[in-house]
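Across the two complexes that follow, chain A remains constant while its partner is chain B and subsequently chain C.
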Partner chain A sequence: MDFAFIKTNAPFLLDGATMTVALALGALIGATAGGAVVAALTMSRLAPLRWLGLAFVEVMRNTPILVQIFVLYFGMPTLGLTLSAFASAVLAMSLQNSAYVGEIYRAGLESIHPRQREAALALGMMPGQALRTILLPQALRRVLPPLGNQFIIIIKDTSVASTIAVAELTQAGKLLLDRSAAPYETFTTVALMYLGMSAAVAGLLKVAEFRFPVRVSQ
Partner chain B sequence: MSEPVSSEPVSRTTDTPLVVIDRVGKSFGRVEVLKDVSLTVAAGDVLSLIGPSGSGKTTLLRCVNYLESYERGLITIAGESVGVDIRPDGSRRRKADREIAALRAQVGMVFQHYNLFPHLDVLENLTVAPRRVRNEADAPVRERAMALLERVGLADKRNRYPSELSGGQQQRVAIARALTMQPRLLLLDEVTSALDPELVGEVLDVILSLAGDGITMMIVTHEMAFAREVSTSVAFMADGVLIEKGPPGAIFDAPRHERLCSFMQRYRSGHRL
Partner chain C sequence: MTGAMLLSTGQYLARGAVVTVGLSLGMITVATCFGLMLAVLRLYGVGPLRLAAAVYGLIARGVPLLVLLIGSYFSLPYLGIDLPLWLVVVLVGGLYFAAYMAEVFRAALAAVPRTQWDAGRALGMRRLQLFTIVILPQASRLSIPPFLNVVLVAVKNTSLVSAIGGWELVAAGREIGERTMEILPAYLAVAAFYFVICFTLSQIARHIEKKMRHV
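Right after this comes the complex of A and B.
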């Protein structure tokens, strides 16, 4: 292992890592918000909205993320909409992960016993109030573990953006490889950087789980 | 000018009962669970609903705050119709969510399974509705909540979570939670049925003391001795029909209807009802 090589080239890889964080953060915010929309659709009282939500979920999770990125990046210009490589990657990952996160939200809400909603309504709360003050706070605590899982998948999936030349960590690794022919040092370092980012997110979620414990009664 | 103070309960200006249940009917699919049920409850009354399982008493109770809808007849509370408006042409229209919520805010309910909010501590369970539903200021609500916790003997548990309490304690918190909204009517749905036998007494004691204060209550219960002690009137239901209603003495000692007689007989011979 050539430590001098790693030390010299670490700044270059760190620039890539910064771009990875930007991609992941964009997709994470997009998926967290988009997931709420998806859950609202799939749990809607109106059948057409429910079907729309279910169709979205099935299309998004049954096609590869790489293909979705290509559709946005190479396909959209044909329709007169040109997206940058970065925007294409963030948007594709936001959309696909909205489907997954939406299903996580739905599972969380459906795991709360209907009696909780009844108790809130019986106290005079409006349905939306019951959702916000009673159901969501309980559901979100329960979905922290699967949500953390999904966030880590998002971080790792950002490497797919290297295929459309976004200068993220994997792309930086490939460029470095072309220049140096030191594959072992390069990709071990890249892997450790991914591990660091994922571990940070996992750690934050553990803290959140501890801070907001799931409590049940009855 | 101050009103003359009297130890007598304040009588309402009209003698209209607080709750009027008028020929209410409801079906689950093809099964008619409530058939033409009519009942009234005056302010200050404690009405117990008794009867075998599946007789419709819980469904009726849940119609009173519209947790359950009903298709026929009408329930009114203080003259206001519950859940539906009846138009001049006789057609029915569900009220807006806001109106239904406003009515529920005046009707407390205590459930068989307590249904406390597990993510909130005891005090927050009491204060969440007054604060969110009525936008009441924090301090007076807390004060009222603490007084109620004191009353049910659980002031020292105010910062505990429901999962840290026994069933009997949780149910006493649930009663205090309902009362923090200062309801004009309290609905109690088999509130001791999920409790271990040794915890039943502490909950019934609280309800007895509320009855002593003149709080209007409708109680669905299988505890016959309790129903007899706490009620001003008792209604017996079977198969969705209100069979007999009267003061507890009449219902328990001199039942007239044959269904009620056999129900009482089974109760006296120690069958689980």
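Right after this comes the complex of A and C.
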């Protein structure tokens, strides 16, 4: 056991953790926005748009994030589109998670009873107004827990960016490993740092669920 | 690419896919056995064991599999344990997905109505007997769709094996890409192989789920 080595290299690992958070936040922002587009497509009344949305969801969910990152980072330059490692990782994770988040949005909206929409329309609201003021506020509370869980998955998936040498936490751990020959200590520390980040999100999620409870109204 | 090359490329990728499926099967076997044990401990275990199973689940589900794979593959030799790469992957991946399987089995076991336990006890069955021949068969039926979803995630995660120097579908694709300089088609072909495996699994899960809802 040689944790003194970890102590001297703590700033290096913390830089890695910062990059992990940056990747995760980038992917989260991309996926929350992309998810809305995916949900709009899969819930569209136009069949071709719906098929497009469903096909996107199936392709994204049934292929590994590692392969998606490789397609963007190694494959796209052959078409003349060169992305940085960081941009490839964020874009790939945004695309894949748009599919998951889109399905979360859809489930949230579909869980609101259709009578709520009918009641809003009967009161003379425009469809867009009903969506904005009646359906979305209720749906958002319901999507909060699955959205939080997806964010924890995103944080863990950022470790895959180390395969294209993004200087995030796992990559920092690998570099320390080459330098120190203390794999056990290094990776226990890295694992604990990931655990800390996941636990922090899980904790925030509990607070958010308490602050915005789901009110059952049928 | 000529026709003959395309054919041999396909065969090479298929060989990679066989390794991917083999690794997945190994991981899932370990995950199912250990996950069932964790679920039983959490539901029926005594205090400390119940807590240990819960803590195990939280830790395993809070750390990336890649970190666990790299950590154990490079740490084990230092601890004097020398295992082949595939065995490390099967064991570490299995123990990792056991935490997810435990949640699946826990939910399924808890979903079997309490009255089943009462009826079994009224018939004079012992606890273990009742669990194995009355509760478990019903719970395993309920657990099939979420079980397949964990299997799907496990199949996708075998791709991480290529990141610690193992040879499977992604590594096969990388070799083909480097040899032919057709990098994009090579990785798209790899993605297609994964898609066929995973889409089949997800459709089976969806089908069974739909069928069960009508019962």
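Operating definition for what follows: the second predicted complex is superposed on the first by the 216 of 218 C-alpha atoms of A that agree within 3 Å, B and C clash if a C-alpha of one lies under 4 Å from a C-alpha of the other, contacts with A are read in each partner's own complex, and residues count from 1 in each chain.
The working rule: a contact is a pair of C-beta atoms (placed from the backbone, for glycine too) under 8 Å apart; a residue touches a chain by one contact, two chains touch by 3 or more.
Source: prediction; values computed, not measured.
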| item | value |
| --- | --- |
| First, second, both or neither for A:94, with chain B first and chain C second | neither |
| Which superposed partner A:121 touches (first chain B, second chain C, both, neither) | first |
| Chain B versus chain C as contact partner of A:163, first or second or both or neither | second |
| Partner chain(s) touched by A:152 [first = chain B, second = chain C, both, neither] | second |
| Contacts of A:188 with chain B and chain C, given as first, second, both or neither | second |
| Dominant toucher of chain A (residue count), chain B or chain C | C |
| Which superposed partner A:141 touches (first chain B, second chain C, both, neither) | first |
| Partner chain in contact with A:129 - chain B first, chain C second, else both or neither | first |
| Which of chain B and chain C A:171 touches, first, second, both or neither | neither |
| Overlap of the chain B and chain C footprints on chain A, listed as residue numbers | none |
| Chain C partner contacts - residues on chain A that touch it in the complex | 58-59, 61-68, 70-71, 74-76, 78-79, 152, 156-160, 162-163, 170, 173-174, 177, 181, 183-184, 186-188, 190-191, 194-195, 198-199, 202 |
| Interface residues, chain B side, partner chain A - complex | 65, 67, 97-98, 101-102, 104-109, 111, 113-119, 128-129, 132-134, 161-163, 165, 170, 177-178, 181, 194 |
| List of chain C residues in touch with chain A within their complex | 58-59, 61-68, 70-72, 74-75, 78-79, 152, 156-157, 159-160, 162-163, 170, 173-174, 177, 182-184, 187-188, 190-191, 194-195, 198-199, 202 |
| Of chain A, residues touching chain B in the complex | 115-116, 118-127, 129, 133-134, 137-138, 141, 215-218 |
